[in-house]
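What follows is chain A paired twice: with chain B in the first complex and chain C in the second.
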Partner chain A sequence: MLDPKVRAKYKVSIGIECHVQLKTKSKLFSGSDNDARSAAPNTLVNHIDFGLPGALPVLNREAVRLASKMGFALNSRPQQFSKFDRKHYFYPDLPMGYQITQYDQPIIVGGSVDIEVDGKRKTIGITRAHLEADAGKSIHPAGKDYSLVDLNRAGTPLLEVVSEPDMHSPQDAKAYVRELYLLAKYSGASDANLYYGNMRFDVNVSVSTSDALGTRTETKNLNSFRSVEKAAEYEISRQIELLEKGERIVQETRGWDEAKQKTLSQRGKEEANDYRYMPDPDLPPLILDDEYVAKIESAMPMMPGEWRRRLESLGLSKDAIETLIDAEVEEGQVAYLSLIERLLKTPQAARQIANWQINVEVPLRRENKLEGNLKDEDRLNIYQTAYELFTSGKMNSNQTKDFLMLMMNQNSVPADIEAFATDKGLVQESDEGEIGKIVEEVLAEHAKVANDVKNGEIKAIGFLVGAVMKKSQGKANPQLAQKLIKIQLGL
Partner chain B sequence: MAKISRDDVLKLARLAKLSLDDAEADELANDLGEILHYVEQLQSVNVSGLNPTDQVTGLTNVMREDQIEDYGYKPEDLLKNVPRVEDNHIKVRRVL
Partner chain C sequence: MSQWPPIAEIAAQVKAKKLSAVDMVKQALKTIAEKSEYQAIISTLPDQALARAKAIDSSTDGGRLAGVPFIAKDNFLVYGPDTTAASNILKGFKAPYQATVIEKLESEGAICVAKANLDAFAHGASTENSDFFTTKNPHDKTRVPGGSSGGSAAAVILDMVPFALGTDTGGSTRQPASFVGCVGYKPTYGLMSRSGIVAMASSTDTVGTLAKSVEDAALVIDVMAGKDHLDATTIDREPDGYDISCQLDQGLRGKKFAVIKEYMGEGLASEVREVIDGVVKKLESAGAQVSEISLPSSPLSLAVYYIICPAEVSSNLSRYDGQRYGYSDESAKDLQESYDLSRGHGFGKENKRRIMIGTYVLSSGYYDAYYKKAQTVRTKLINEFNSAFESYDFLVGPVAPTTAFKIGANAADPLSMYLSDVMTVAANLVGIPAISIPAGKAGDLPVGVQLMARQRADRDLLGVSRSLEGILK
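Up next is the complex of A and B:
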């Protein structure tokens, strides 16, 4: 472990490049299926992906639309003019001998992402984001003298989002990649499924004792928020230790060893930074007119930042808000925010329902415990009914939770929800006559306690209320029970 | 005349995956030097206000709809052009 005093001498700067896989049906420049998750090798390929002579790439319209949406999500807007270039290098997973990308005139220029770390808000600058085609995938069978290449992924549309070196700790880096994930999800640009490598991160780290940036290293191909944080942490310590020993940092590409939790030098690719970019003559430039851009802008869904502001206005805690923000776009979850949104005019109801979502529905869905297939409209109806029954005292908080669990498991909503809940024994008894009878019985059975209460030991009333609850099998409204006990004891 | 060194030529050859013998390297250094010299002459022309001519068709926004295309052949036909195939993979010299 690095001495914190030594660590404090150094200013850390982190910049991140993130490849976001765009959610298209077909590839960026060809008509092969873009979903390679369960396909046999080299089955989602064509002459364009294989780089056969004479093959002509043609740009996918949907990829442009999704990249534009991501541009707005990054607090930017798509450029009026952008173009495509060839980046040359030789690798077996790149059959054309060059990658089609955008070099000096990318689709997105500038932008920002807001993050919050330890209660402090920070703005991370976005340098640019460009469209490019992914390469294929190589595997290296153990103990063999060959590698195997699958080109199913070759040509998959990526948007590479490049940040400024505005992050200064591993926690900043982690918060930034999580926010990028949310932006990709909320904008609809990507499935952003980390398990399937829909987002891959390259982390540039440098340390310096002055304001100038130090020599940086780039740790490539990280695929989780945690590995970004860990790799940054490791590089910071490694670089500071080297400098403390009087050694120098080598500018290089490194890989992350998940098992050893350390970065390792990847010397093989050192030669490769002379890419000889040139404009791709096969691809005419892209010009997005004001009308197109305005149309995308007006169709943008609400981004996490705006949702947070609305949820904060309800007085929800930060943790509660982030739970909802995450759950909204998780696999197997459902819409939460739009339900809350519709109740914003009655903030107390909105807040209560948000809390039930967080404490009941979200956890049940995370554990795959809900089988019902309700429409959002039905769920809203259930939440609103729960709120009415709860605030009118017909259900206590435990009953409301049981009610929600039961209702969310239905496939449709009964016409009379309250009658249904009563039938299931979930509505508390507020009939004074019924409860009055139970109170009478309880006072007779516990005459001594009743007497104590009557003689001023008012605390003991809790015991009597408990007895009434027990006798009514939890259905009595406790406030009403207490009131009736007092009346019957003449208090 | 513009000069390009033998080392420059060898570096370019390496990046382009070409193997050159000594005579070829010398010859190319000479040829490329002349080409550079010609480009130098071009650079004396005033081109301010002109866009680079990296496109000659005048086309813009050539795009396709996001659909899966049937190109009229099977993907495995593509593998017929591949020198070595194993388990549907393209087999290459080990790269890692």
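Up next is the complex of A and C:
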């Protein structure tokens, strides 16, 4: 472990490049299916992806729309003029011998991402984001003298988001990549599924004892928030240790070894590559008019930043808010925020329902314990009924949770939800006559305690209430029980 | 005299069942066989062509080109035989899809009967750079037919078919047309789809039409022109069409022509100059106004072209890596060796020369000095031509500095071979339409005259070419 005093001498700078896979139906420059998750190798390949003679790229409009949305999510807007360039290198998974990318005039220029680390807000600058086509996948079977190439991924549309070196700790880096993930999800630009490599991160780390940036290393192809944090942490320590020993940092590409939790130098493949960029003559410049851009801007969904402001105004805790923000876009989860949005005019109801979402529905869905298949409209109805029954005292908080668990497991909502809940024994007994009889019996059975309460030992009333609850099999409204006990004891 | 009636007539007769498509195909194949000594053809597709012909004969509407046989330069992807681009690296490559223009011609009943020779990957001006053989000029077997579409041009003059397809990237259709004496048309850039054509230089590649008359060429052009969803650089076609039957303005009287001064100076063979001077006189006597114009940047166009073209060539030829299709050297022990040997043995000398020049001009540190500067001059050239077209309707000049040269004459000197393109490359760099029309002879050898028009003025250019052709006969 690095001595914290030594660590403190160094200023850390981290910049991150992230490849976001855009969720288009077809590839960036061809009509082939873009969803390679369950396809057999080389089945989603046409003459363009395969780089046949005479095949020409034709830009996918949807990719431009999604990249534009991501641009707005990054606090930027798409450029009116951008163009495509060829980046040349030879590799078997690059069929044309060049990658089509945007070199000097990308679709997104400038932007920012806000993060919060340890309660402190920071703004991370976005340098640019450009459209490019992914390469295929190379597989090198161990112990074999051949490699395999799968071109299903060749031509998949990527938006490479390049940040400024504005992060200064592994925690900053982690917060940034999480926020980028949320922006990609909320904007609808990407499925952002990390398991399927929909987002891949290259982390540039440098350390310096002055304000000037030190020599950086780039750790490529990280695929989780945690690995970004760990790789940054490892590189910071490694670089500081080298400098402390009087050695120099080599500017290089490194890889992350998940098993060893280490970065490793990756020499060889990319030695002094000259990519010989040139404008792609097959693709006219991309020109987006004001009307097009305005239309995309006006259709932007609400981003996490705005959600946080709204949820904070309801008085929810930071943790609660982040739970909802995450859950909203998790696999297997459902819409939460749009339900709350409809209740913003009644903040108390909105806050209570948000808390039930966080404490009941989100955990159940995370554990796959809910099988019901309800529409959002039905779920809203259930939450609103729960809120009415709870605030009118017809349900206590445990009953409300049980009620929600039961209801969320239905496939449809009964016409009379309250009757249904009563049937299931989830509504409190509030009939004074009914409870009065039970109180009478309890006071008779526990005459000594009743006497103590009567004589001023008021704390003991809890025991009597408990006895009433037990006798009513939990159905009695405890406040009502207490009131009747007092009346019968003449207090 | 040609054995082929005008194309429109063949189609009309086939539709009227007075001629049979099968006979047309048989006639074409027979002529191809008889004229094999000229080595214009790389492959024929008899079974496929006859099957298509039978289908057309039994249909009620064979289309506007019903039963018309044609030959495609072997850099067009066509089902059937190998598509080689006359390169060893594509030997054995069978097209799994067809060029858009081939599809369009076929949908109107035209029948591809053979694939013509070219300089490998269209790199050249004589067909001597073909990896297979050199095509001979029909007028003199010791001379080249020009190139790179030399096989297609020769095929038309050898009367194998009524028309042939070439490509024109720097003059590859117009120059051979001039050398063999047929019409060679280069359209506005983007008027016809490049999809399914082996790319040479993407920013100047166009589909060339080689035919015996402007009328024949115009009909074929009308069928091929228009936007294609497979080529993002294509433009909308003229709503009025390009065919002679679409009331093209064919008048010469009052039209403003300008002879390009720089094309008539040093380096132009005197016998070619005489023919062009003769054309100017005939234009004047037909009532046209002919002036002279100086385009001061035009002498730079060859230098610009031989930077931009190799740059794009080096990029476009990257895909031929021996890994997925075409020639792959089996003796390679690892990936790098497979690249080195497959490309080393697969590409010819001229291909390699252009790959090296292109790689050099795109290298970091040299990009600004070469590629970027060339693009700047290209813009200047475009501006000069545009302003010329503010004053004139058409520009006139020779197609090439000489008539067809002897086989081997320029083989040892690539620069003198490149000079053959000096009068044709500007139209490609600027993207304007241009045509070579037979204008006379110097001795036994044909000489063509070149006309150019403003971008998208293909319709006007075809109209005026038709009239000029009439007074030159």
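In this section, the second predicted complex is superposed on the first by the 488 of 491 C-alpha atoms of A that agree within 3 Å, B and C clash if a C-alpha of one lies under 4 Å from a C-alpha of the other, contacts with A are read in each partner's own complex, and residues count from 1 in each chain.
Simple rule for what comes next: contacts are C-beta pairs under 8 Å (C-beta built on N, C-alpha and C of every residue); 3 or more make two chains touch, one makes a residue touch a chain.
Note that the coordinates shown come from a computational prediction; the quantities given were computed from them, not determined experimentally.
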After superposition on the shared chain, which partner residues are touched by A:Pro41: those of chain B (first), chain C (second), both, or neither?
-> first
First (chain B), second (chain C), both or neither: which does A:Pro281 touch?
-> both
Classify the contacts of A:His140 with the two partner chains as first (chain B alone), second (chain C alone), both, or neither.
-> first
Would you check which partner chain A:Tyr98 touches, where first means chain B only, second means chain C only, and both and neither mean what they say?
-> second
With the two complexes superposed on chain A, say which partner A:Arg86 touches: chain B (first), chain C (second), both, or neither.
-> second
Check whether A:Thr24 is in contact with chain B, with chain C, with both or with neither, and answer first, second, both or neither.
-> first
Report for A:Leu59: first if it touches chain B alone, second if chain C alone, otherwise both or neither.
-> both
In the superposed arrangement, does A:Phe50 touch chain B (first), chain C (second), both or neither?
-> both
Mind working out whether A:Asp33 is in touch with chain B, chain C, both or neither, as first, second, both or neither?
-> first
Which chain makes contact with more of the residues of chain A, chain B or else chain C?
-> B
Using the superposition described at the top, list the residues of chain A that contact chain B and also contact chain C.
-> 47, 50, 52, 58-59, 88, 90, 92, 147, 149, 274, 276, 278, 281, 283-284
Sites on chain A touched by chain B in the complex = 24-26, 30-33, 40-47, 50, 52, 58-64, 83, 88, 90-92, 138-140, 144-151, 268, 271, 274, 276, 278-279, 281, 283-287
Along chain C, where are the residues that touch chain A in the complex?
-> 77, 83, 85, 90, 93, 96-97, 99, 194-199, 201-203, 229-233, 311-312, 314-315, 317-319, 321, 323-325, 335, 339, 359, 362-364, 367, 371
In the complex, go through chain B and note every residue touching chain A.
-> 11, 14-15, 17, 52, 54-57, 59-69, 71, 75-76, 78-79, 81, 84, 86-96
Would you tell me which residues of chain A are touching chain C in their complex?
-> 47, 50-59, 86, 88, 90, 92, 95-98, 147, 149, 274, 276-278, 281-284
